[in-house]
Each structure stands twice: as structure tokens, then as C-alpha cells.
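Okay, so chain A shows up in both of these, paired with chain B first and chain C after.
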Partner chain A sequence: MKNVSKIIPCYSADTAGVCSALYELGGMVVTHDASGCNSTYATHDEPRWYDIQSKMYISALTEMDAIMGNDEKLISDIVSAANDQKPEFIAVCGSPMPMMTGVDFDAIAAEIESRTDIPTFGMHTNGTHSYIEGASEAFDYIVKQYVRECPKTEGSGVNIIGMTPLDFKWRGTMDAVKGWLAENGLEYVSCIAMGSSLDEIRRAASASVNLVVSSSGLAAAKYMEERFGIPYVCGVPYGRAYAKAFAEQLKGENGGAVRTADDADTVIIGEGIGSVSLAAALSADLGISAKVICPLTCGDGILADTDLDLYAEEDIEAALSDMDPKTVIADPLYKYIVPDGTRFIELPHFAFSGRCFERDMKDLINTDIKEYFK
Partner chain B sequence: MLKDIRYEKPPCKQIADTDRDCFFESGLEYNTPARGMWNIVHSGMLLPEAHEIFCCAQGCLRGVILTAAEMLTLDRMSWISVSEEDMFDGTIETDVIDGVTEIIEKLGKRPPVVLLYLSCIHLFAGVDFEAIINELHERFPDIWFSDCYMTPTMRTTVSPVAKMAAQLYDALKPMPLDPKSVNIIGNDRATDEGSELVKTIRGAGFTLRDITLCKTFDEYLEMAKGSLNITYIPTAVLAGGTLEERFGARHLYLPNSFVYDTIEENHRTLCEALGIGQTDLSAERAAADSALEAAHEVIGDTAVAIDFTAVTRPFELAELLIAHGFNVRYVIADGAGEEGDAFERLKAARPDLEIYAAANVNMLNMRYEPHEKVLAVGQKAAYYFATDNFVNIILNGGYYGYSGIVKLAELMTDAYRNEKDRKRVISLKGYGCASCLA
Partner chain C sequence: MIKLALYGKGGIGKSTCTANLAAAFAMLGKRVIQIGCDPKADSTINLLGGEPLQPVMDYLREHDDDPNSIGEISKIGFGDILCIETGGPTPGLGCAGRGIITTFNLLEQLELFEKHKPDVVLYDVLGDVVCGGFAAPIREGYAEQVLIVTSGEKMALYAANNINSAVKNFEDRSYAKVRGVIMNRRNVENEEEKVRAFAEGAGLEVAADIPRSADIIKYEDMGKTVIEGDPECETSKRFFALAQKLIDEEKV
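And now, the complex of A and B:
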């Protein structure tokens, strides 16, 4: 069955994606749920929880309120908290129980906004989708709400879109990205949304290109292309040679990923854009040919024809068995379904194994990757 | 004290202004990074050789699976995810049955018992859990299936933790009761062997069993012989009562109290139930007083904060410590529960004692509020009062009675003298469990 797993975990859910995307932007995020959504997020999906305070709450939904449809309690509790805490915006997320009772989050958001004069939006999460969907909707909202026309920066200004700790090391990643941009004559404008702020994001339309680093950023990038005429490029500057070539692509010059997957004997399992970028880096930097298995929603045209989008444990296990690769690169908790005798290179992914291997997460951006993969 | 005047829903009150039936108005809730409290995954893993199968939405699965991953028991956990369509297409029961069947057929070794957890949305949709369990019993007669519940939305009706404690004993089969066998039921850790409770039972020649001490499923099954089941924390009472109904084994609730009269009364009740003469606890009582005096000599007037996750009766502990000269300033609790009398006595004796809500939305920035040096008893108190001087225990830490007071006094002294790595210590999930983060 496609919805059954004997042993490997599932990815972070859509509610966690919303929270992670909005964590540093000064808003209040309320998940309409009894308790689990917030404790799971805070424990397993959010490495910043202890060190950076953020207004992430649950509604503490009870059985009686669910049965009676007591939306007024949710609204008045949020209004009260907003009066106390003065957030920049309010996001209200759904979870499994509101899915069952058919809560209208758009209407609730409108009511809260009318009572508080604080921008408020409903997130159409229900806890049954992955973090990609939740973060994508949150980023899309943020750019629609806060990005306005503004003069372009001189030179090549770049927004980073789709950056969250669910896909990237929280500490160090943005420094590496900014260093890579500067090294290649590109100017950092904003990051949507890790290590950034709403003020930075308000200026995002001054950029000349958007760099989409995960599938979470695609919807926002497409909107900005349509609304502001800013083109976008998908990828993560892993390695040295690939990072250099990718920078050229970002500048609209020749370059970019020249990735071969013919006769690939390496398989990468992970988020689509990150994994495809790693495959390109392995090819450009180390001459390794790799295919990708993507177990998450991924935009059209991201994966190569030789790549696979597989979601179920049994499908991934069967594909690995059929491919019989020499090497698998994936989160450590995939080890249980990697064929015996296959070389397994651990690449911790926070959205999969949470904090279990946080201390082993690797710095791969604009750096020599030989020590990890050769 | 938190400047609560700013808030519509203040998270702090003086006890004099607090109603024992409703400490704080409900509202949005904040979740601290203190992770020591056990959840239903941790508890289920106490059952030797059991395999846990969770059936719920991805968002709920994530927390339980990674609980197992962090405690290094992922090989004892499987899952079935639920989609929106599953709830409405008439397959709610068959999805569970077929999913469990597939998982069991893939397991290398048949577990003797499967703990099958359904979630809020299943119950809300009116799932026929009994039919699922019956069908699974038919398909796998060599496996016992226990119905378990991950239903936080229903927490005001039945606490998931209390229900889990009860279902942990569901796989026991009736056996002839052994008049010389006693069980301690419903705890997540063994009771201190040095406690008067354990010493009294063992000293009278009784066999004492506790699921936390069972290494194999067969050892666990032996618990059905117990003619007396003892509980002492509130969430265990349902388990004790259920076993009494099923097997006729007497249930004794001997609450883990800090009131000397209650400790003595518990001891009398225990001795009567065991059919032994009452032993004298005056030496143990004197030891508790001495330990508290010694601790107070070290700790002096340092402000003390107690939270409800550390001990099941924080107001009784506050009262005891105040009686021995400690400067107890703060209690973190959302209700008086079964210690309303102690609450009322404190209200009269120490009206300025400050009560803090455990999860109030405005506790978010509490740890940045200025306050004096605090010695905390419990992880939440340590976090909120931003102190590295704290006693790291959950649910009494397995300590009980007078000997428990001695131990707690020693732990407070140690905490006063030695700082802990607060962030690392409180971040570990399930106090006492193995952890890949340790």
C-alpha cells in the first residue's frame, strides 16, 4: 500500500512548512489543533525554537469546540493574543480535525483582520500533505502581500526563495550563499525566508533574478515573474565547479547544469531542487553520474527524464532494488531500505530525520564536496 | 514577577487571586522546549517486544515516528498515513486492516502484541475500532492487538496519557491471582528501591512486579497474577481500576503525597492490604525532616520555582518546603487537581505565592523577564525562569514517600551547587529514555 511504511519516517507536514517559512518574519502563526501540531513542529521541525522566539501557537482545540463548531472561540483567542503581542501579520493554519469539520479559514482570517487591522490570512493546510505545500503557500502569500514595485538594484540583484531550515542548515547556509553571490559579482537582495526580515522582503522587487532553492519557493517565484517580470532559476550552488557554472547561469550567461545521468550508478534521495543540484555538482565537480529519487512534490521540469518521483516506502525500496546502484546518498534514516552491499552516504535532511542528525548536517554550498562523496 | 498588567490574558497571578477551579482563562497555547515529559510512544515502548502501529495524518505521524527514532526504537514502529479521501470514501476500517496486515507480513519477526493507535479524526468519523481489532485477531491469532488512542482533541474527556497507561495492560490474560504478588501500575519508571513502599512490599515477602522492570513479554504476562495493584500517580488510576474490573485484583491508589499525614495513611492502608502489621516510619519521617533542614542550610533564601511536570503535587511540595523555611516564590500549574486542600492552605498562608500558566500564549517571552536567582524544580520552571540550577525530574522521578522527600532535598541541594546545561538537558525527549541526542 502506498500509505504504509514499515520503518522509514514521513516528511514534515504542511503545517510545519507554514511555520518554518514564516518563523523569522515577525508574524503570529496559529495552528487550529489540540496540541500535537505545535509540539511536533517545535521539537522535530524547528531547530530555531530554543534560540529564537517566534509567535507560533496552537488553538488548543477541544472535542466540544470541534463538535459544536465554536469558531468564535478561535477568533476571539487570536484577537486577544494579537492585542497582547502586536504581530506584523497573522496566519491561521488548518490541521486534521478542522479538515473533518470543514472550517472556513479564509472567513476566519477575514473576521480576525476586521477586528485587529492586522493582515491575516488562512492557510489551507490539513496535516495530510508535506511541508513543501505549506511553505509554498506561505511564501506565495508573503510576496503577494509585501513585495511592491521598486527601483532595480544596480548590477545583478538576487532574491533567494524557498529557504527554510527544513531543507538547509540553519546556521551557516545564508553566509555561504551570500559569500557565493559576492564572489560571483551578484548582489544579495533578500532571502525568503531564513536569516531575513519583512523589510528585506519588501524590497525584493528590486532584484533582477530570483534563485529558487527548493520546491517551496516555486509558486512565489512564478508570481514574481508574472507580476514584476523577474525571471527565476532553480538550483542550489553546491560544490565548486557547479557553483561557478550556476552563477553564470544566474547572470544570464552561458553555464549551468550539464548533468549526465546515463549509466548512473549513484542515487540521490531527497527534495527535488536540492537533489538535482547535488547531482549536477557531483557530475561537474567529481565526474559522478547520479539519478534522483524525489519523494516530495516537485515542480514541472525540475527532474530529468531519468529521475523518479516516488513517495511510498515500498516503491522507493523496489526502485533501489531494481536500479542496484553502487552508491545511495540520502538521509541516514533511509538506511533501512537500501539494498545490502550498497555504499550508503548519509546526507541528513532536517525535514526527514528532524534533529536526530542535525549535528551531522553538511555544508555543501560553494565548497569542495570531494571529502563527502568521492 | 511578569508584568502581567500588559496582557488581556495574563499568564501569572498571585494565589490569593486564583480560583482553584479555574486558574487561567483558556486561549492560544505556547509550547516550551522542555521535552522531558513522556508521550504515548514512550509509554508503549515499555511493553516488551510490542510493535507500535500508528494510523493518522502525516502531521501527527511525524511526531510519533521521530519520537521512536530519537529513542532508537524505530524498528518497533510502523505507520499508515491517512489522506483526506480516506476519511470519506468508505474505506476507513479496511485501510487500517489492510495496512496493518501488510506491515505485519513485512516484519521479520512476529511481535506477540501490536499496539494499534488511531487518531482524533478516526473517532470523529465514527470508526468501528472493535471491528478492526476483531478482524485483525482473526487474521493473526498469534498476535494480541490492543486498541490505543492518539486523541489529544478528546483530552478533556479521557486523557490520552491515562488511556495509554490503561491499554498497556490490555494484553494481559487472566491468570489465577497470587496472594503474594503485587504490581505497581501505570508509571513510566521504576519506583525507587529505597522507598518505604517498595521496601515494605518486598520486606513482607511479596513478589513485586512493574512493567518498567519487565524485560520480556512473558515476564509482562506474569503481572496478571498480581492480587493487588498499586497506583500512585493520577494518570495511572484508570489503569488500576480497569485491571480490578477485568481480573478482580484489588486496586489501591496511594497518591505520591508530600503531606506527612497522607504518607502515614498510605502506609497504613498498604500494610492492611498486605495483611501485615504496620511498620513504624518515624525514622523515615525524621530523615525527611533532617534532609530538608540540611538542604535549607545550603539553599537558604534562594527563590524556588516548582512546576507540575516535576512532581504530581506541586502545591503540597510548596507547602512542605515553606514549612521548612524555603523561599518558594513560584508554582507553574494550570490547576489544583487532586491537591485542592493544599492549594487552599497555601492561599491562606502565602497569599503572595505566584502561579504561572504552563502554556499561556504570553509566556513566550517569560524567560527574558528580569527576576532574582531561582532554583527550579522541573524543566519548565528551569526554562521559564532561565536558570541552570534545576532539579531534572519528571513525575516525581520514581521517588516516593519520606524517602522521596529525602531524595528531592538532595537533588535540590545538588542543583543549587551545580549548574546543568539547560538547553541540552531539557531538549532530550522522554526523561530517562535512550536518546540519539544524548
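And now, the complex of A and C:
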């Protein structure tokens, strides 16, 4: 059966993407789903749960609510909670059951907003897409709702877009990114949205360039380019040599590092922008040529011609078998579909294996990567 | 763009009215799309010479994958009307309402309106607003006006009243509004009085009065609308008048 994963897990779902994207921004996220337990979205996929408070709710949808189309219960519960909690905004997410009964989240959001005067938006999640789609829609909304024209910073101001703990180690990543920006004469403006706030994001139009660090940030970056004329560059400053070259690219001073994948005997599996950046860093820092297999939605032009976008376990397994690489770099749970005898380097990805390997997640930004990959 | 949904009791003549209205719009020079939202998938058959069109649900069932273009799930019929049928699940199984939502999502994904650039879109919807799926055609972005088809028969008026109430329930949402009633005569006793009494009570206009006509049946047997078969007959004139009225309102 096509698209059935028999060995590897699937990536975090779209709802988890929304929750992760909005976690630190002071809003209220309500997922319209059964059970009353929000651990799937907010605990298993959320390393900040025990350290940072956030207003994440589940509607506790019942069978009768679904049958009767009892939207009013959902609306009045959210209005009541919002009146108590006074969130900055409200996001209402779908899940599989509302998808089947055709709940109109845009209309529900409009009703909640009219009763509370709090910006409210319906997220078109249904639990069947990946976290990239959910986070992308959430970031797009936040930027459209809160970023307004403002004076530019004096230096080269940079927004980081598409940053969530689903793709990046929560502790340490933003410090490393800020350090890299400062080291290269670039000024940090905002991060959308890890280790940041809505107030910070409100000033995002003062930046002169957007740095898109995952495919989750592409839609928001494209909107900001169209609306505010802020260009965007995709990539993550991994390694030393690549991080330096990439900073120059961000400043518009050259074309950045050129990555070659001819005769590559290394394969990286993971999120598109992160994996392509790691391939570039392996090339620039260590002279290793690598191809990428991206099992997630990725923007046009991100992957090289030699890379593959493959979603089904059987396709990834077959591609690895055909390529017969010497080395595979991927989340530890991929090792079970890698051909025997292949060297496997573990690169835990929170959106794939959750907390299982959280403590082994690596610091690769603007640092020597030789010890991990050589 | 004129975006209309036609609702009414099962068997009351929604598909007949929708197809004739679509044909009238087309003959008045408009670029028209008709979307049948009924598992029976026979809304557009008389625009297509009596030839059925493969419904979207059947396409998905057969291919187990989304189509890449509108052309794969549509046919061009009389007056260059683009015809689409949502179809539905295997009778007795699945969820027909969900089928409509899935079809609409697919049409959005294929950028139907952006690419085809219609002047008029008509949704022909199964019987009653029985669940969320059958309300999908009146959601924001789809139909803006609802026409309720009814005769003077008690159960047709009962269904018409239910539909009007259902649409009113969505007043707080940016959904379609009921534009009026199409009186599709069955020649029951005091028919006009009964339909007008309902319309007046509901604050609705009788937007068209379609006579009971053998012409409709005659041309349907030939796989045609009456507009195509005899554009000069009285029935056709009524459909032309309704189409022109809606065009004039759109201009205002």
C-alpha cells in the first residue's frame, strides 16, 4: 500500500505545527478534537511545555457534538475562556473529525472575533498534513495580522522566519544564531517564532532581509517580500566556512557557497532547507558531497536537481537501496530502512522522533561540525 | 461574478431549473460553470446531450489520486458551459456531504475560478441542507445567493421553509443569502396562492414562475434543456427573464 509507513513514524501533524509556531506569542490555540487531552499537540511535540506557559486547549469534542454540528458550544467555550484569559489572539485548529463533518473554521473564527474583539483565525488543519503546513499557515497569519510598516534599522537588520523547536534544538539555537549575526555585522530584529514575542514581531518590517530557516517560513517571507519589499534568503548557517559564506550572501555581497552533489556518497534525510544547508556545510567545511532526500513539503527551488523529494517509506527505502550511499545522515528512527552496512550518523529531528532523542540533538550552527560528520 | 445555489425538495426540478438557467445565461453571452452537488450526478446531463459526466468522486475512486487539471473532471456542454458533478460515495456507504467538501477543496486547489474566469457559477444542491457538506455551497467564497425551488405542494413548501430557516441560521456568518423562490408549477390547486403566501411570510420574492410544460419533458428526453430545444417557447422566456434580472442586479 502506497504511503503506508510500516517501519518509520510519520512527521508531526499540521496541528502540532500550529501549536509550535504560536506557542510563545501570547495567543490562545484551541484544537477542535476529542478527549480533552492535549498531550499529542502540546507535550509530545513540545519541549517548552514544562518551562514556558502557553494557552493551549482542546475542545473535548463529543460524538453528539459532531453529529449535531454543535458549533455554538465550541464558540461559547472559547469566548468564555478568552474573556478569562485575555489572549492576544485566538487560533482555532481543525482535526480529523471536524474535517469529516465539514466544520467551517473561518466562519467560527469570525463569530468568535465579533463576540470578543480579539483577532481570531481558523487554521485549516486536519491532522493529515505535516507540521510544515500548519506552522506555515500560522506564521503567514501572524505576519499579515501584526507586521506593519516601520522605519528600517540603521544596519543590516535580519528577521529569522520559520524557527520552531520541531526543527531546531530549543535550548541554545537562538543564542547561536544571534551570535552568528553579530559576528558578521548583521543586526537581529525578530524571530518568527522561537525565543521571541509578538512585540518583537510587530517590528519585523524594520529589517532589510529575511532569513528563512525552514519551509514553514516561506509563505510568511513571500508575503513580506510582496508587502514590504523585504527580500528573503533560505538557509541555516551550519558549520564554520558555510556559515561565513552564507552571512555574506545574506548581506548581498556574493552568491554564497556553491554546493556540489556530483558523485555524492552521503545522503541527508530531513526537512528541505535545513538538509540542503547541512549539505552545503558538509561541502564547504569538510569537502563532503551529499544529496538530500526531503520527505516534507519544500518550496520551489530549494532542492538541487540531484536531490529527491520522496514522501513514502517504500520510495525512500528504494531510493537508498539504488543510491547505495556510504553514509546516511538522518533521524535515528530512519536507520531501520537504511541498507545494511551503510554508515549511519544520527541527527535527531524533534518533528520525527519527538522526545526520544532530544538530549542528543546537535548544535551545528556557526560551529565546527567535524566531530559529528568526519 | 454571479454565484447562485439552487436548493429545494428532492424531485422538485432543481436540476431542470439550474440547467435551464445556466443555458439562458450562456445564450445571453455569459461564461458559465454549473456544478452538480448530488451523488446522483445528473445535474448537467441535459447540457451534455444526455451523456453523463464522470463525477469527481468517481474519478478519485478510479485513480486514487487527485486530477492535475480541471479538464480531467469536467466537460464542456451547451453554450460552452463548463459542467462538473461532485458525485458521491457508493450508495449506502461513506459520507456524501464530505464528498462535496472534498470536491470544493479540489476545485480550489485547481484554481477553477482563477483559470476559467466565469461570469456565472451555479451550484445545484441535493434536496435539503442536511449537514455541513450540503451547506458548503453557501459558504463564503462560493455561492452568494440562494434560489429555493418549490411547487405549491405541501412537502415542497415544507422543505423550502426548512431551507430558508437553515440559511438564516448562518446570518452571523458571511454565507449566502436567500435571493428568492422559483415557483416550479405542478398545477396543484391554488398553487400560486400557496407559494406566494409562503414567500410573503418568509419575506422572499417569487423570482420566477415556471409553468408546468410538456416542452421540458420533451427536450429532456432528447438530452436537452428547453432553452436549447426551443428558446422561443414560454418556458424558455421565463428562464431568460430570470437570468436577465440577475444580470441586471449584478450590474447595480
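One rule holds for everything that comes next: the second predicted complex is superposed on the first by the 370 of 374 C-alpha atoms of A that agree within 3 Å, B and C clash if a C-alpha of one lies under 4 Å from a C-alpha of the other, contacts with A are read in each partner's own complex, and residues count from 1 in each chain.
Operating definition for what follows: a residue touches a chain if its C-beta (ideal position, glycine included) is under 8 Å from a C-beta of that chain, and two chains touch if they have at least 3 such contacts.
Predicted model, so just to flag it, every value in this text is computed and none were measured.
Peer 1: Looking at the overlay, does A:166 come into contact with chain B only (first), chain C only (second), both, or neither?
Peer 2: A:166: touches no partner chain.
Peer 1: More residues of chain A in touch with chain C or with chain B?
Peer 2: B
Peer 1: Looking at the overlay, does A:361 come into contact with chain B only (first), chain C only (second), both, or neither?
Peer 2: A:361 sits against neither chain B nor chain C.
Peer 1: Which partner does A:110 reach: the first (chain B), the second (chain C), both, or neither?
Peer 2: In the superposed model, A:110 contacts chain C only, not chain B.
Peer 1: After superposition on the shared chain, which partner residues are touched by A:186: those of chain B (first), chain C (second), both, or neither?
Peer 2: So A:186 meets neither chain B nor chain C here.
Peer 1: Quick check on the superposed pair: does A:100 touch chain B, chain C, both, or neither? Answer first, second, both or neither.
Peer 2: both
Peer 1: Would you please give the residues of chain A that touch chain B in one complex and also touch chain C in the other complex?
Peer 2: After superposing on chain A, chain A residues 100-101 contact both chain B and chain C.
Peer 1: Residues of chain A touching chain B in their complex?
Peer 2: 1, 3-7, 9-16, 30, 34-40, 42-45, 49-50, 53, 55-64, 66, 77-78, 80-81, 83-85, 95-97, 99-101, 126-130, 333, 336, 353-356
Peer 1: In their complex, what parts of chain B are in touch with chain A?
Peer 2: Residue positions touching the partner: 6-9, 26-31, 33, 35, 56-63, 65-66, 69-70, 74-75, 77-84, 86-87, 95, 98-99, 102-103, 106-107, 119-121, 124-125, 150, 152-157, 359, 361-362, 364-365, 368, 423, 427, 429, 436-437.
Peer 1: Inside the complex, what are the residues of chain A that reach chain C?
Peer 2: 69, 100-104, 106-107, 110-111, 114
Peer 1: Which residues of chain C touch chain A in their complex?
Peer 2: Touch residues, chain C against chain A: 95, 97-98, 101, 131-133, 135-136, 139-140, 170, 172-175.
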